[in-house]
Amino acid sequence: MEYKIADIEDIFNAEITQVLGNSEYLVKINDKERHLRILAMSTRGIEFLLDQKYHNIRYLENTTANIKMVVDGVQITLNKHHKLNQIVYKNTGETGRDDTQVNLRSQIPGKVVSIDAQEGAKVKKGDVICVLESMKMQVSVKSHKDGVVRKIKIKKGGSVAKNDVIAEIE
Amino acid sequence: MEYKIADIEDIFNAEITQVLGNSEYLVKINDKERHLRILAMSTRGIEFLLDQKYHNIRYLENTTANIKMVVDGVQITLNKHHKLNQIVYKNTGETGRDDTQVNLRSQIPGKVVSIDAQEGAKVKKGDVICVLESMKMQVSVKSHKDGVVRKIKIKKGGSVAKNDVIAEIE
Amino acid sequence: MIKKILIANRGEIALRVIRTCQALGIKTVAVYSDEDYGSMHVKKATEAYHIGEAAPAKSYLNQEKIVEVALASGADAIHPGYGFLSENSDFANLCAKNKIKFIGPSGKSMQLCGDKMKCKDAMAKAKVPTVPGSPDLVKDSDEALDIANKIGYPVLLKSVFGGGGRGIRLVKNDKDLKEAFEIATGESMAAFGKSALLVEKFLPKIRHIEFQLARDKHGNAVHIFERECSIQRRHQKLIEMSPSPVVDQKTRDKIGQLAVNTAIAVDYTNLGTAEFLRLDDGSFYFIEINARLQVEHPVTELVSGLDLVKLQIDIANGEEIPFKQKDLAVNGCAIECRINAEDTFLDFAPSTGPVSDVTIPAGPGIRVDTYLYPGCTVSSFYDSLMAKLITWGQNFEESRTRMLNALSDFYVQGVETSIPLYKTILQTKEFREGNLSTDFLERFNVLDKLKSDIKKDTIEKQDVALAAAALYSTYYSSRIKTTPEISMHWKSKLDRA
Amino acid sequence: MIKKILIANRGEIALRVIRTCQALGIKTVAVYSDEDYGSMHVKKATEAYHIGEAAPAKSYLNQEKIVEVALASGADAIHPGYGFLSENSDFANLCAKNKIKFIGPSGKSMQLCGDKMKCKDAMAKAKVPTVPGSPDLVKDSDEALDIANKIGYPVLLKSVFGGGGRGIRLVKNDKDLKEAFEIATGESMAAFGKSALLVEKFLPKIRHIEFQLARDKHGNAVHIFERECSIQRRHQKLIEMSPSPVVDQKTRDKIGQLAVNTAIAVDYTNLGTAEFLRLDDGSFYFIEINARLQVEHPVTELVSGLDLVKLQIDIANGEEIPFKQKDLAVNGCAIECRINAEDTFLDFAPSTGPVSDVTIPAGPGIRVDTYLYPGCTVSSFYDSLMAKLITWGQNFEESRTRMLNALSDFYVQGVETSIPLYKTILQTKEFREGNLSTDFLERFNVLDKLKSDIKKDTIEKQDVALAAAALYSTYYSSRIKTTPEISMHWKSKLDRA
């Protein structure tokens, strides 16, 4: 799984690759395999040795978008869905859709943060039509084709459900 | 309610006489009324002010017979059923029963710790016939009348249910 | 002899006083507001009485109620702590009237300490240097010019109606002063109907250095060394230490004697603190006497071995100070960090609420005075000081290193704290070299350093965070369980909402 | 210069060493057995390696495995703590062979300290008085009689094959000695095929007083005062203090110099302890050198201001001791209570198991060295020392009062502790007066006093217990709820079973 850490630009990768038993695991972090041994787990968090080094993690908050934790006294927020933009685009504008399709639909539910195209305007495939806030993240909804925006079907500050039509583009 | 404290001879009395609200109570301890204000309660125990003085009680164990607690660092065991012997006797040997009744029945369930009368022996009303362990306490079952023990219907180490016949006394 | 003390305070200082009373076998009476039912001082005192609502005016400042509780509980003395009623001469007088010993100076002496002009006057007589300036209000711009030229520019033109930085003008020459005087007078006349201006020398880069005083009713007086309290934010002390890196024994003897003279000048009894400003040229100027136990008294305790609260009680009992100046020597070095519930990046705004988890550092040379416990609450009604972390070492460096380690071990969940700021400060070259001043935070851009330290920490811990996240994802999706006793519940604000 | 230290130990002493390493910026390597996954020393060290099964022989005594981890982790030194391998000269030699610094004396010196007869011989040459007796094995009863008459009755006839009180006979006159010699020889021949008997003066009422030693590789040697460790049970120290109530400065100088001479006599380097017996007539007899850091070293740290682990590391680095004897002076008084997991009334039998709740005292003058935390386990595989509670005061009485308060604040749920015993001991008139001896517990019937104290405590708290019970009954039967946030879950062994 990929993560983004608040305040750091890079995208990181981390997953458990092997369960060794006896509370031991192999974890791949940014393509490097590390040894992890769990010492204790509780409602508050987790304690483990990572390559023989002890760490104490307190989980503060866990949403679908973020994990907020205190790592050895340092507060860190991990963003679990940094690729949401891409995923949403993939499912709307980027691929697979028929160019003859008029309706641009939202693949996610969310709140409309901004509308970035005006009715009557010419847009290219991939241009941002609007930005939604979803799962505490801002996600751009991009045009699925080159064309003209016939109608914007949403309002700033309003809510959209999954599959709602965002705009008609011809 | 009456209590006995392990290691102390006297019998003590304690009950809440009034709920004042705002976590405040009047408690009567050995006929003296005291003011009690609860500060905190948790799974571990209770903290209160008794007549303006703070106390911290940790509950270690609670059975039908005992409460074991740590009061300001001092471990104290309160016996909740110090009068069980009397109560049981009241319901078996002491009163109300017809002298013509042959069967001595147990008023409580328990395990037979000892048998203190032999078949054929003469017994007086109030003599101990057997001792049961019940609710972590030892309780004597006493004869309900003067007579001769015809039959002992229990075995040492065995269990008796409430109303089981302990012995036939004629 | 005092047998039972009512502590007219809350929080860590109430606990501090209780601790000494326990050691001396003196009974204690706590008082508490609606907000403080579950507070530690209620739990640790011999008795505890409810005195009113959360707002200080309705409880901890309610003089009559507090005296009433003292009388009802049979307390023969009141310890005011710091803040609240500690420097209120009316309260000291009220205690005296009710034949309750007030553990502090007399009301009269306290009043004199609180009146800046009268105090300055007393110091002039005692030949204690104060910040150069007009001895009293200046009547016109000519007098102001005269004084400014005598003490030298730049000077501050201060309105006595100001306060907290308002009504103060920095002036660099005669022309500016004349102009500023006109404007200030005009403003003051418009707002208050009268003008009241002072001229004072502007001191650009200053250290705050104070001396701990003790004086008994028999006239014996000593100072118990200095404390350097230059690390401040918005005129609030953050870090204090004893000894000061710029005070050698000769200076300590000299300024210490001056400090003792200030106590004599206002007939001060019990413990107090003489505060001075120190310039880079080594000159000291007296500012004021704090007529109470200071927040930062533990650093003095650690380098002197004394129990200052015990000393307060002894003096209140009419006893003589049981040592002489020559018996005292600075042992090692102590540093205190005030652990405040505040958000450094929100201009130190208070951060309040329930504290679900606390880890308090411990070990050799570490002392923590605090009211914190897991499950307690940091109230918005009272000041933001949650804990004082004090370390002792054989020398400054040992004390500093212990402090850094202890800060890392200190964890408070639920509120923002000043802990990260202190870690950054203690690691600066300037702090290590003792290059301190009251504008330390601005002068060395400490908040920028803090930001960069936080980023560095995040980068250092990123792999661990990722491992923890990976573990979480795996657990959450497939619920691997290796041993039955391992169980995990994930807290989530969403779940709880 | 040592940069990374493997700590070949566990529990509080491993944590103690880690703490100093952190302060010095030295990395630490912890080792742990199957029993110690969740132990604090694993959590606090820079790195932690699993070394084997719970039984010490399979982990903490596994010399090869520990050296292997040291090499693998790049540790350049090993700190042995106390117990386990700390006085094992083979291990010291194995470290040397692998070019790992052993933080302690040389294997050769250690071996000499461990060999009682050779050590006694070395002390005789250095003119250090040892307990009067035969300089070597006595060959026949005539020699035994000769020696007994020289040193005076009563004497002890000891078999070197004995140990822990076995094979020791108290003899009061010539006739008894002759008889005892025959019997002892016969027994020994029957059991071991040879006889090996010693004669030693019987010392009826003794104090255990020891001196902290430090000697560097350059030959500089100092003592860091005495510790009185007379309060014992079954030859195990329970309470230690510094200074001793019977050691004045003159005695300290004199016996301290003797102690330094013992270190020189066996070419001892690093920190060690010279143990003495002291009789009521003021005479001191050397018994042995403990070639390691002692459990009770914190009392010396508190009265000297020194970090003894730092001193060990400095000496191991080949540095000179950074002070002279004349620089050292006793500051105040420190007392240590060893908080053991044991049942005083079951002949001090170990009490082990999970510790669900712990409250550790804190405050000025209080130091706690411990591995305890809520949720930890007291293992049956290792010794019963859970914590060391050490208090400092300006004098004995302040230290004692602080200790009593701290003991009351110390709470360990799940195991029996020696805390109540210490409260009783510290309150006896005899302890307060410093009337100490190794048979203190028996001499003053302390266990009877403890029983009566416990009863007194119960009576004192009975009303509170009854109020708590009444509250419980009411809650349980009618479930009164005054405020919604108050909730109560009643623990019951029955429910959990």
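Note that the chains are named A, B, C and D in the order they appear, and that numbering of residues resets to 1 at the start of each chain.
What we mean here is this: a contact is a pair of C-beta atoms (placed from the backbone, for glycine too) under 8 Å apart; a residue touches a chain by one contact, two chains touch by 3 or more.
Quick caveat, the model's predicted, so the values are computed rather than measured.
Enquirer: Looking at A-C and A-D, which pair shares more C-beta contacts?
Expert: Of the two interfaces, A-C and A-D, more C-beta pairs touch across A-C.
Enquirer: Give, as an integer number of Å, the spacing between the C-alpha centres of subunit C and subunit A.
Expert: Each chain reduced to its C-alpha mean, subunit A and subunit C end up 47 Å apart.
Enquirer: Using mean C-alpha positions as chain centres, tell me how far subunit A is from subunit B in Å, no decimals.
Expert: 64
Enquirer: At what distance in angstrom does the C-alpha mean of subunit D lie from that of subunit A?
Expert: Taking the mean C-alpha position of each chain, the two centres sit 58 Å apart.
Enquirer: Compute the distance, rounded to whole Å, between the mean C-alpha positions of subunit B and subunit C.
Expert: 58
Enquirer: Among all residues of subunit A, which ones touch two or more of the remaining chains?
Expert: Touching at least two other chains: 23.
Enquirer: Between which chains does touch occur?
Expert: A-C, A-D, B-C, B-D, C-D
Enquirer: Where on subunit A is subunit C touching in the complex?
Expert: 1, 3, 5-8, 12-16, 19, 21-23, 25, 27, 29-30, 34, 36, 38, 41-44, 46, 48, 50, 55, 57-63, 67, 69-74, 76, 78, 80
Enquirer: In their shared complex, at which residues does subunit D touch subunit B?
Expert: Those residues of subunit D that touch subunit B are 357, 408, 411, 413, 454-455, 457-474, 480, 482-483, 486-494.
Enquirer: Considering the complex alone, what residue numbers of subunit A touch subunit D?
Expert: 23, 37, 39-40, 47, 49, 52-54, 56
Enquirer: Give the list of subunit C residues in touch with subunit D in this complex.
Expert: Those residues of subunit C that touch subunit D are 19, 22-25, 298, 301, 305-307, 331-332, 360, 362-364, 367-369, 394, 398, 401-402, 405.
Enquirer: Using the touch rule from the top, collect the residues of subunit D that touch subunit A in their complex.
Expert: Residues 37-38, 42-49, 73, 375.
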